[in-house]
Amino acid sequence: MLLDLDISKTMRSGNREFRLDLSYSASNDRLVILGPSGSGKSLLLQMIAGLLKPDSGYLKLAGRTLFDQKQGVNLTPQQRQVAFLFQNYALFPHLSVRQNVAFSLRRGLFNPSTKVASKAVDYWLDNFGLEPVQHQRPHELSGGQRQRTALARALVTEPRALLLDEPFSALDPDLRIHMRKELRELQERLAVPLILITHDVEDVKVFSNETLCLKDGQIDQERQQLLRAAIA
Amino acid sequence: MESVWIALSLSLKVAGWATALNIVLGIGVGFFLARTRFFGRDLLDTLLTLPMVMPPTVLGYYLLVLVGRKSAFGAWLYDSFGINLIFTWQGAVIAATVVAFPLVFKPARAAFEAVDSELEQAARVLGVSELAIFFRITLPLAWRGILAGVLLAFARALGEFGATLMVAGSIPGKTQTLSIAVYEAVQAGKDDTANMLVVITSMVCVVVLLTASRLAPGRINERAR
Amino acid sequence: AEVTVSAAASLTNAFKEIAENFEAAYPEHKVLLNFAGSGALLQQIAKGAPVDVFASADQVTMDKAQEQGLLADGSRQDFVQNTVVVITPANSQLELNELIDLQQDALQRLAVSNPESVPVGRYSKQALVTHNLWDALTDKIINTQNVRQSLDYVARDEVDAGFVYATDAAVMADKVKVQFTVPLETVVSYPIAVTKEGSRNELSQQFIDYTFNGESQAVLSKYGFSQP
Amino acid sequence: MESVWIALSLSLKVAGWATALNIVLGIGVGFFLARTRFFGRDLLDTLLTLPMVMPPTVLGYYLLVLVGRKSAFGAWLYDSFGINLIFTWQGAVIAATVVAFPLVFKPARAAFEAVDSELEQAARVLGVSELAIFFRITLPLAWRGILAGVLLAFARALGEFGATLMVAGSIPGKTQTLSIAVYEAVQAGKDDTANMLVVITSMVCVVVLLTASRLAPGRINERAR
Amino acid sequence: MLLDLDISKTMRSGNREFRLDLSYSASNDRLVILGPSGSGKSLLLQMIAGLLKPDSGYLKLAGRTLFDQKQGVNLTPQQRQVAFLFQNYALFPHLSVRQNVAFSLRRGLFNPSTKVASKAVDYWLDNFGLEPVQHQRPHELSGGQRQRTALARALVTEPRALLLDEPFSALDPDLRIHMRKELRELQERLAVPLILITHDVEDVKVFSNETLCLKDGQIDQERQQLLRAAIA
């Protein structure tokens, strides 16, 4: 079972409340999450990664319990060992592209040096066309270069799962095609679950053997059935 | 002249140690106050600022009361380890540290609070330990703000004499720092000596501060991520 | 009218009381008191501080004022005397009767104010030099910046003995023990004078005269000073 | 007791004015140093830090030399406007301002440098004037860091006595601030008075600092834009 | 003439140099800029808005000279009066959604109050579905909410031109359709030039009566001709 969850979470800001209330279990190893802007997709992904704590319920990924309120289980993000792509990248501004990508490979209290040698880093930089900008800092990058750097940084580890929040939104169509292919290959090679948020129908076609549609923090049953019918 | 060099090296030793201690203490306390939430946090912050508000001589007097041989703490130090801080350069370090401490922790707290917590989150998901996150993400991003405080603290420690004088005395060649010498020269009406000493202190301070801000990493333009 | 009096720090308690009496006797007048070390007071006057009366703790400082032409001619007078004493902590085992006793091994630390800048230090050094003890005692000496610092060290048992004015010892009579009075060649007399600036103010001389009257001298004696 | 209130209100007046002046000067200089680039900028920064390194009494002596009636400047002030700063509370304000100035401008500079310049760009395209950008974007975003410096400066100004004593004298009811009174009480051996005064000063300081940090806007989580 | 430019600009970072060298004049009032990631689209738009100064050449928009090195003309961003959407939004973190949108309407040294009243603000908040989140700060928004806030902030002024850097990239398909329509209506109502960077073919269909294709800082002549042929 890829994902098995039953969680609720309320976000408050002033008088406004946003309530996420989900019970879902996915059986495929690739899940695409769809839904209008503000429906809770990113919040859900953050909870899976351990960046946000659900108010109650439980959350299992690939058979491992990540969170269970009743049992008092709540793994730290470090323990969850997932690759996570932030919707707005969260690149480290004081490190170059190369250092950002190599970040998780270097253990200990120091950051990788600007010239850190690593096959994995070279591979992803090259593959994502970042080789020419590898010594630039994030603020010297174009939007798409930033997104690719963030993706490379997430993928360079050998994670237990891939959680990607709109990974191709800032890329041109050609790059998207190339990177979708790369990502699919990686997922199949590592044989780990992939959960992907997107607004792009192409992504749905390439990745999904299963989709989850959200709306206002809940499952959009109507659309869910429609899609299931379409696939079947 | 030789006595000037002795006083100078003593001053640098005292200010250097006090700054080093304050880097550790100030950054530690600043980080703690920035990242934990508890009742009375702001009150604690304010109380820790109080060394600033006390005339140094008075602070020195309280320190004397605290670590002197007649105090419980001072007596324990002396009985257990044979340590007597009064009239030693280590005593001067303690005085300078206490006087300059608020200068480090307060800007450090503000700098830590300005660090984008999402970047720490990003490092967490990348599997890096909390300690490593502190050294690899938080500290480098807060560093410019912290440095401002550290440099102020160094200057203050170098110039401090009120509290130092009280705790360490003014023993030429042993605890007489440059600024105490300046003070004495002014008191004695030796304006020329005083001026010369002030020029030396200032030059040393300028050199140290300039070097420190050169060595420190430059402005990180966080403009766009 | 107002009169501004700059007085040496050691006169703080006494002068506050004298000023109160003066204001009580002449309700139409007001005394503004300014206390600091004698050296600092001189510098303030030299740089143009609006001071009418200057009371210094020693002759040297007043001499400097006179040399710099800061005083009204002929107004300088000695108005009170002090003595220098050697004190020990109240519970001290030491028994000291004369300067030579300071050499004993049991006495490790001796607080002496800086002779360069502090009057009491100058007197202490003079006495020790005269008795050929200055060099021998150098290693024991803890240099202090003012009398009060010496007093604190003795009171808190940080030094074994110290040189202070009798008036200072009186402030902490419960914590320190006066061992003996230091024999001096010169009398420790405090001069008072009208400044150049103060010569235009009638009150200046009036206040100085007031310090000489019986009531004021009684106040001064109360704080340990003696008559000139 | 009444004299305590007088000293207290005088202290607050002096520290208040000095802080107000330093907010303007320190923020101005800090912003200037953060946003302009010229040869010798870091040297200037360091030179402006020097008031920290000088023993306050010595600084006070120099101020005395500078603004005293015997100086060209002081004479001009007196002849032209009949102003004599020595022995006035305005003189105390000047002394406290100079002493505390580095505490404001240095953290302010660091805070200004940490502001994301893209946000200022965004405001520019929205047609807002440069002055308005400063007050509406830059200052609010730098404010936490600046505040740390301002609060330190207030505490320092409240506790300052070395330079003040020299310039303003210690005239009860006129220029005797609380901390000078503390110093004087210690000198005169009135420990009880001194302790009481220290407690009062500390309490006032705590109240002012707490109020200030409460009133100031909270941490802006810049987490995500 | 919508846009008339001949500019060059070199960006340096370490050893790497990126050179933008363009000479182009557009005659239609809607221009879509296309090109692979890192081809210089955003840099060009920033130069038009006055956020980046060309090294040499000139730049005219709707007949107005914005920059001319020879004549020493270089209008400030304020004087150019354009609506600009930053690729990464650049929302003011200390202001609520409503205050962000109202930002340019309030002159003087103070920011608009949290309850600032304005028909224009109400209109755009409502139209972009931001009304429920209007009192939230940017860090409390979803990615699409942020993008819409940034767009509303840019459009609320009555600008002389609309410069938008990938305005719909973070939105779901339904919202994109709605907002494209809104934007087109606005552009026709104001009758000002619109320049839009996008990777979405739909945008090209809806907006473009003219496209500019960039590649490596230059005009992509090949593709340019291909597209022209397709349209004709």
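All chains are identified by letter, namely A, B, C, D and E, in their written order; residue positions are counted from 1 within each chain.
Following the convention adopted for this analysis, contacts are C-beta pairs under 8 Å (C-beta built on N, C-alpha and C of every residue); 3 or more make two chains touch, one makes a residue touch a chain.
By chain, UniProt protein names: A, E = ATP-binding cassette domain-containing protein; B, D = Molybdenum transport system permease.
Just so you know, these numbers come straight off a predicted model, no measurement behind them.
Set against the C-alpha centre of chain D, every other chain centre is closer than that of A.
Ranking all chains by how far their C-alpha centres lie from the centre of chain E, first place goes to C. A straight line joining the Cα centres of chain D and chain E is 44 Å long.
Work out the mean CA point of chain B and of chain D, and you get 19 Å between them.
We define each chain's centre as the mean of its Cα atoms; on that basis chain C and chain E are separated by 79 Å. For the pair chain C and chain D, the distance between C-alpha centroids works out to 35 Å.
Contact with two or more other chains is made by residues 88, 137, 146 of chain A. Multi-chain contact residues of chain C (touching two or more other chains) are listed as 40, 43.
Of all residues in chain B, those that touch two or more other chains are 61, 118, 183, 186, 221-225. Residues of chain E that touch chain D in their complex: 49-51, 76-78, 80-84, 86, 88-94, 103-104, 107-111, 137-139, 141, 146, 153-154, 157. Residues 61, 64-65, 68-70, 86-87, 165-166, 169-172, 176, 183-184, 186-190 of chain B are the ones that touch chain C when the two sit in their complex. Residues 118-119, 121-129, 131-132, 135-137, 140-141, 217, 220-225 of chain B touch chain A in their complex.
Residue ranges on chain E touching chain A, taken from their complex, read 11, 13-16, 34-38, 41-42, 87-88, 129, 132-133, 135-137, 140, 142-146, 148, 165-166, 169-176, 199, 201. Per the touch definition, chain D reaches chain B in the complex via residues 42-43, 45-47, 49-50, 52-58, 61, 102-103, 106-107, 109-111, 113-114, 116-118, 144-145, 147-149, 151-152, 155-156, 158-162, 179, 182-183, 186, 194, 198, 201-202, 205-206, 209-210, 213-214, 219, 221-224.
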